[in-house]
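For reference, the structure I am asking about is given below.
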Amino acid sequence: MTPVLRIKDVAKTFWTPNGGVRALEPISLDIRQGEFISIIGPSGCGKSTLMNIVGGLIEEYEGEVLVDGAAVRGCHKEIGMVFQEESTFPWRTAIDNVAFPLEAAGVPRHERLKRARELLKLVGLDGFEQRFPSELSGGMRQRIAIARTLAFQPRILLMDEPFAALDEQTRLLLGDKVLQIQQELNQTTMLITHNIAEAVQLSDRVLIMTFRPGRILRVVEIDLPRPRSSKLMGGEKFGQYVAAIWEDLRDEASKGLQEMEGARTG
Amino acid sequence: MAVVEQVALRSGVRPAAAPAAFWTVTRLRVAAIVVIFALWEIAGSSGFFYSGVLPSSLLIFKAFVGLLLSASFWFHAGVTGFEVAAAFVIGISTGALTGLILGANRYTGAVFEPFLHYLAPTPKIVFLPILLILFGVGVGSKISLGAISCFFPMALSVAAGVRQVNPVYLRVGRTFNLTRLQTVRMIYLPALIPPIASGLRIGLGISIVGCLMSEIKLSRAGLGFSAMEYYRIFDIPSMLAVLVFIFVCAAAGNVVIDRYVRLPGPQTARA
Amino acid sequence: MSTITHTGALRRPPPIVTRFLVLAALFAVWEAASRAGYVSAFILPPPSAIFQSFEMLFVHEGLVAAFLRTFAEAFAAAGIGSLIGVAVGYTLHRVKIAGRAFTGWVAASASAPLVLLYPLFLVIFGRNSATIVAMGVVGCMPPIILKTKEGLDNVRPVLLNIGRSFGLTPWKQFWMIQFPAALPTIFNGVRIGLLFAIINVVGVEYLIVFGGLGQLISDLGDRFEIPGMYAGILFVILVSVCFFFITEKIETWLLSSK
């Protein structure tokens, strides 16, 4: 079976007036249909760069990104992105936010509203259709953003630290929501995070990346039964995974920290 | 700890002082209007000023009604209305276009925006002698001064608005494969409505000022001209009635802008 | 790819250079057009003639005195306006209900054509400096009131709690915490107010032909002293721009030294 998403020798160097900065060493990765993958690494490991390359926001890079075996470059209908920042449109109601990509694609009004209503229900926001983002909480707004991305029915859902701006408890509950969506839609998902527990809770595989230049240090298969929820977190096996990943990540994170602090004093 | 206790103490004391709730926003506003009228009447009849300088509000009201019934008033009002409308449309549209260009192109913005930034807070009335030479004493010089006045705030407001469109909205647009036209219509335009509204609001006030000041300086028609005529024959109630009419129109214009040029949804707490 | 755009960006001169080149080109075209007779020298005299008439303005027309007078009036207006405006702003901040009732009115008056009230002041004070200063005060008050209230409203609550924890009296709380914390915003209001005062002062001077730069320009126009008139206008613009620039620099300096 061909993988849904194949990342083949993707690498990236950023050019500045002072020369090049190698952000990503060649990375290769195959993702199966329905799989949930997390990429975890210290700040500055290039995980956001990788996400932006796959999502098509960065178009200059080495290597190839293939969806269903066909190479893609630039933003692509089959790849949906959810951003870390607040990205709902404040001038649109919840339902109009979700219908946004359908409206852009010229889907008739009745149909796109029907579809948007279903998606709002999926993310647990039925009854809030006519509310504006400013009337909703941060967690609810991020769920709107997820529903909006799902409205385009992407083969692959990319999420760049979507819960980073939320408090811990909201984050856990949203994690449950994402799990439920992923299981319901059999949605192939790639999540960027620096929260280890979140990565273990959600993923089939966790990719640990090194500090700059980013490359894959280790791939951890998370062999925990599905369907899952945040209740998983008390388990012994869960704790072992978290500890093992932190063991690998610690050196990289402290390398990153040293470099950041060095840059600040130097 | 001490802070928490004190705050708790203070907030605990508050409810006891509840009778202050007599003053509501509406009552306070009504009271303010009454006080202003009373002060006006007292000052007018106090003898501090020459008689007739601060005429009783009743006289002003009578003069106001008289104006509304006179044909010549409506002629002057029509002239001024035309001038302000033309100045507003010209100044606002060129301003918005300039703002879009300066905001969209970083280099062009960096080169030319300082000109606007520094020219904006200069007194535009000093251009009037030049405009009088160029366009004569008629409506041309009035329209051009009004247009120049409201051009600057609109251009600066829109330029800043374009630059401040949240980049994440543009990224969202790219991930959904929006065309250039769709990006403008579905992201830039709604995001620009607040700066456009503020440009319109400021622009309306100063284009009225621009047109009326040039009428006052040199003209043969318009509300500024007619106010000055009343001033010359010392018909102060009529002069003030003309000013009242202008303020009412300006306020009505602002209400229209506030009401129709705005984003849907609650108007507070916008990012 | 990125290297190419990088060198491409290098080829363009810095914006400030382009800005002055554009300005120089503008003056050159203007001069040439005027000399060649494409535009009437009466309507648009060449820049060289305008610059030459600066001497006449300084020597015969009392440009310096007019400038000093206008700015004295504007500063007087801004001084009076600051005293009243800060007091009103403080009241609107302190008495919450008053703030809710009247802040909208003040904001509306900021975009209302208040300068048109000058005939009223003309009949009260007569044709003299008092009218001009009064119009300056009217012009500068709204931004000062609004910025004072905004500055006081936005003082971080934790600073107020620190004051309370030290048991400061309300008066000391104001002078030691609220006022200094709000000062940058208040200064910004006073600065905008001063600019509005200059606009109103020059405008009323021009309209009633009394005192200062406004009268000077009006007189030159009436005498069809066209190059001189252009020089006067240019002078007002330059002075306002310099003034704006300097106060802007002071403001950023004040903010950075905080």
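Some points to look at:
The chains carry the letters A, B and C, assigned in the order they are written, with residues numbered from 1 in each.
Convention: a contact is a pair of C-beta atoms (placed from the backbone, for glycine too) under 8 Å apart; a residue touches a chain by one contact, two chains touch by 3 or more.
Remember, it's a predicted structure, so these values are computed and weren't measured experimentally.
By C-beta pair count, the most extensively touching chains are B-C. The chain with its Cα centre farthest from the Cα centre of subunit A is C. Between subunit A and subunit C the centroid-to-centroid distance comes to 50 Å (mean Cα coordinates, whole Å). Per-chain Cα centroids separate subunit A from subunit B by 47 Å. Subunit B and subunit C have Cα centroids lying 17 Å from one another. The residues of subunit A never reach two or more other chains; the list is empty. Multi-chain contact residues, meaning those touching two or more other chains, do not occur anywhere in subunit B. Those residues of subunit B whose C-beta lies close enough to touch subunit C in the complex are 2-3, 6-7, 23-25, 28-29, 32, 49-50, 53-54, 107, 110-112, 114-115, 118-119, 121-130, 132-134, 201-202, 204-206, 208-209, 212-213, 216-217, 224, 227-228, 231, 236, 239-240, 243, 246-247, 250-251, 254. Every residue of subunit C that touches subunit B in the complex is listed here, in rising order: 12, 15, 18-19, 22, 42-43, 97-98, 100-102, 108, 111-113, 115-117, 119-120, 122-124, 161-162, 164-165, 195-196, 198-199, 202-203, 206-207, 213-214, 217-218, 220-221, 226, 229-230, 232-233, 236-237, 240-241, 244-245. In the complex of the two chains, the subunit A residues touching subunit B come out as 55-57, 75-77, 79-81, 83, 85-87, 89-93, 100-101, 103-105, 132, 134-135, 148-149, 152.
Considering their complex, residues 166, 168-169, 171-172, 174-178, 182, 186-187, 190-191, 193, 263-266, 268-271 of subunit B touch subunit A.
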